[in-house]
Amino acid sequence: MVYITRRERFSAAHKLSRKDWTEEKNYETFGKCSNPNWHGHNYVLHVTVGGEVDSETGFVVDLSVLGDLIKEKVIVHLDHKNLNLDVPFMRNIMTSTENIAIAIWDQLEEEVKEIGGQLHKIKLQETENNYVEYYGGK
Amino acid sequence: MVYITRRERFSAAHKLSRKDWTEEKNYETFGKCSNPNWHGHNYVLHVTVGGEVDSETGFVVDLSVLGDLIKEKVIVHLDHKNLNLDVPFMRNIMTSTENIAIAIWDQLEEEVKEIGGQLHKIKLQETENNYVEYYGGK
Amino acid sequence: MVYITRRERFSAAHKLSRKDWTEEKNYETFGKCSNPNWHGHNYVLHVTVGGEVDSETGFVVDLSVLGDLIKEKVIVHLDHKNLNLDVPFMRNIMTSTENIAIAIWDQLEEEVKEIGGQLHKIKLQETENNYVEYYGGK
Amino acid sequence: MVYITRRERFSAAHKLSRKDWTEEKNYETFGKCSNPNWHGHNYVLHVTVGGEVDSETGFVVDLSVLGDLIKEKVIVHLDHKNLNLDVPFMRNIMTSTENIAIAIWDQLEEEVKEIGGQLHKIKLQETENNYVEYYGGK
Amino acid sequence: MVYITRRERFSAAHKLSRKDWTEEKNYETFGKCSNPNWHGHNYVLHVTVGGEVDSETGFVVDLSVLGDLIKEKVIVHLDHKNLNLDVPFMRNIMTSTENIAIAIWDQLEEEVKEIGGQLHKIKLQETENNYVEYYGGK
Amino acid sequence: MVYITRRERFSAAHKLSRKDWTEEKNYETFGKCSNPNWHGHNYVLHVTVGGEVDSETGFVVDLSVLGDLIKEKVIVHLDHKNLNLDVPFMRNIMTSTENIAIAIWDQLEEEVKEIGGQLHKIKLQETENNYVEYYGGK
């Protein structure tokens, strides 16, 4: 078993805020992340795939195929978007880094199988000081 | 003359879009940066101040004083904000990296004089692949 | 189970040197790290906490609460200090990166439980070329 | 069990290309990585070693001894070399990042035991956007 | 005058070696960089363009146009290539970082004028420990 | 004129404190940087040298010669040392980043001439959030 990781990036707006709470309660809970007019981040995504090394190519999976898959299934839906408003697979989900990472896992798990690998980890970095890691298996 | 630089960061939402243009013309000109529902970035700001070295302290300016100044005059107004909607000193200005850098210069130029230095450069990084540098003197 | 990591930094002096050894034996064992007048580092600390995602907030733990905890229990005791002389919880401990990481774990393990998470890993980077990871369970 | 990691770097040329395939099939499979006249990378290597902390020194293993070992057994053979032509332990192996990581593991596994640690992971970064991790146990 | 910088990357093989010198003299002068079978690097290129800020767009130049220009005129010719053998505009030039930077300047100077900017600086980084800066005006 | 930069690093202890001031006044002026038992940093040094490109080698100066020079004249005196106590060329000088940068310039200016270049800039980074640049000409 060898693990290979592809890094991709997206820039997006979001806020942490529940519609069923008052603005005051949102601010109390989420602080400046609840700013009604949104804020945003340069997210850095690391997708790690495990598998056997193919004896002909020396690859676990073809990285350019993996990169295209991540772009098609994830990046194009998140980059230069509003995570709360524009993303079908984030509907009605709090856009915490934790939940974005889980949603990305769900977008990729089956797709990675089809290119011959096994999704191992989603790492999502929101700022230089925080990131989330998710290994599936909710 | 010695130059000292303080790095600070802010995360904000914005879009590139003119109200006097159609959505189509905005998209044609600004591409995905014109997304109507906003997007965002982790901006990295470098403020460079020049001056003589004080013989008693060895400082051009006291970095913690400079840091507090940048936080008070710039960061608190931009961090976790919408640059198009929430920032008094960005009103009616296209929120390109170029214009944000110039606006930050204008916020700091006089203030830096008062702590004994001379503002030399504003460097503002929008993503890992692009940044703007401004030396004043429009 | 989702893992969330908070990065914090501290700058400190230390040396690797045993009082029960001669200066020669210390130099032979620890090389330039035994310099009698100390040296120092910008340490980078990554604290990883695991837990379930709260369905209301989308959080494993509140990152700003975790950040405050790390600052109060760890950073304030280590930053701009001498690790051999100034830190109550490092008394009589060789200040190797390994031992500092373990001491930080011990400071945080119970505290992290009280904010609803489970301490998973302490990663401590001493220079750009070396770091230590500790998962508890001595 | 504590894990300590040493980072080292090497710059090398290589290509992904099988002699038993036509140039066309190599291009179809490996794209621009099959360029007949080679290309190259600044590889970044992270060697992670696990072990008990020695009560006298506070070390899992002596990092300068580990660094010298990596330089002698790995870096001197790969740095400023052609990975396909110049490296005895890469003969007849596709020079994918996966295979280089496995070959480095094989060079170090026994050697690390002799300095009192246990090789835990080889992480090899080819570009800022991709890296491989290998934990042994083919 | 505001300066905007676009970062791009390319991975290439090269060697420092003169055909009119013996292998011994090449080794004496260029050390391991003269390895006959080549070595390689991940080069990082920063292209800085100066100009007035357009009052309608807020841009010095359109960064995506600048990025496309750099890719078309520079990156496509250097990425996954052998700098000594495969690059028309590097023929008969020693492939030192200095000379590559100058050659990139020559490829871009006129082109940047046509998109309304003025090429200000080429910064080319060969490894994390060295880089070259060139402002034109040989 | 082309500029080439060599990056080197050193880890050192220091404090900001004047012997002719009380501990209280030192704390008032220098804050936690005045800690009597020292603190320390991983300093990152960038030495930039300008010159003509040699037509035979393609070099401004030979980077390995420049690297050795920096190590011999600067790094060996500062690395794993106490900047206030152990460094002959820092005697009686406040160890602010500004003053260390100037002292490094003075160590290198003449030496760089002897290898055929002209010292252009000393950049010294104390933490990820602050650095000093000095171009000579006190």
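By letter and in written order, the chains are A, B, C, D, E and F; residue numbering begins at 1 in each of them.
To be clear about the criterion, a residue touches a chain if its C-beta (ideal position, glycine included) is under 8 Å from a C-beta of that chain, and two chains touch if they have at least 3 such contacts.
A quick note: this is a predicted structure, and the numbers were derived from the prediction, not measured.
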Legend entry - Neighbouring chains common to chain D and chain E, by label: none
Inset, instruction - Indicate the lowest number of steps between chain C and chain F, counting one step per move to a touching chain. - result: 1
Legend entry - B-F compared against A-B, more contacting pairs: A-B
Legend entry - Separation of chain A from chain D, taking each centre as the mean of its C-alpha atoms, in whole Å: 29
Inset, instruction - Compute the distance, rounded to whole Å, between the mean C-alpha positions of chain B and chain C. - result: 34
Legend entry - Touching two or more other chains - residue numbers and ranges from chain E: 128
Inset, instruction - Could you please write down every pair of chains that are in touch? - result: A-B, A-C, A-D, B-E, B-F, C-D, C-F, D-E, E-F
Legend entry - Complex interface listing, chain D residues touching chain C: 1-8, 48, 53, 56-60, 63-64, 67
Legend entry - List of chain C residues in touch with chain D within their complex: 16, 18, 29-31, 93-99, 101-102, 128-135, 137
Legend entry - chain A-facing residues of chain B, complex: 9, 11-14, 32-33, 35, 37-42, 79-82, 85-86, 127-128
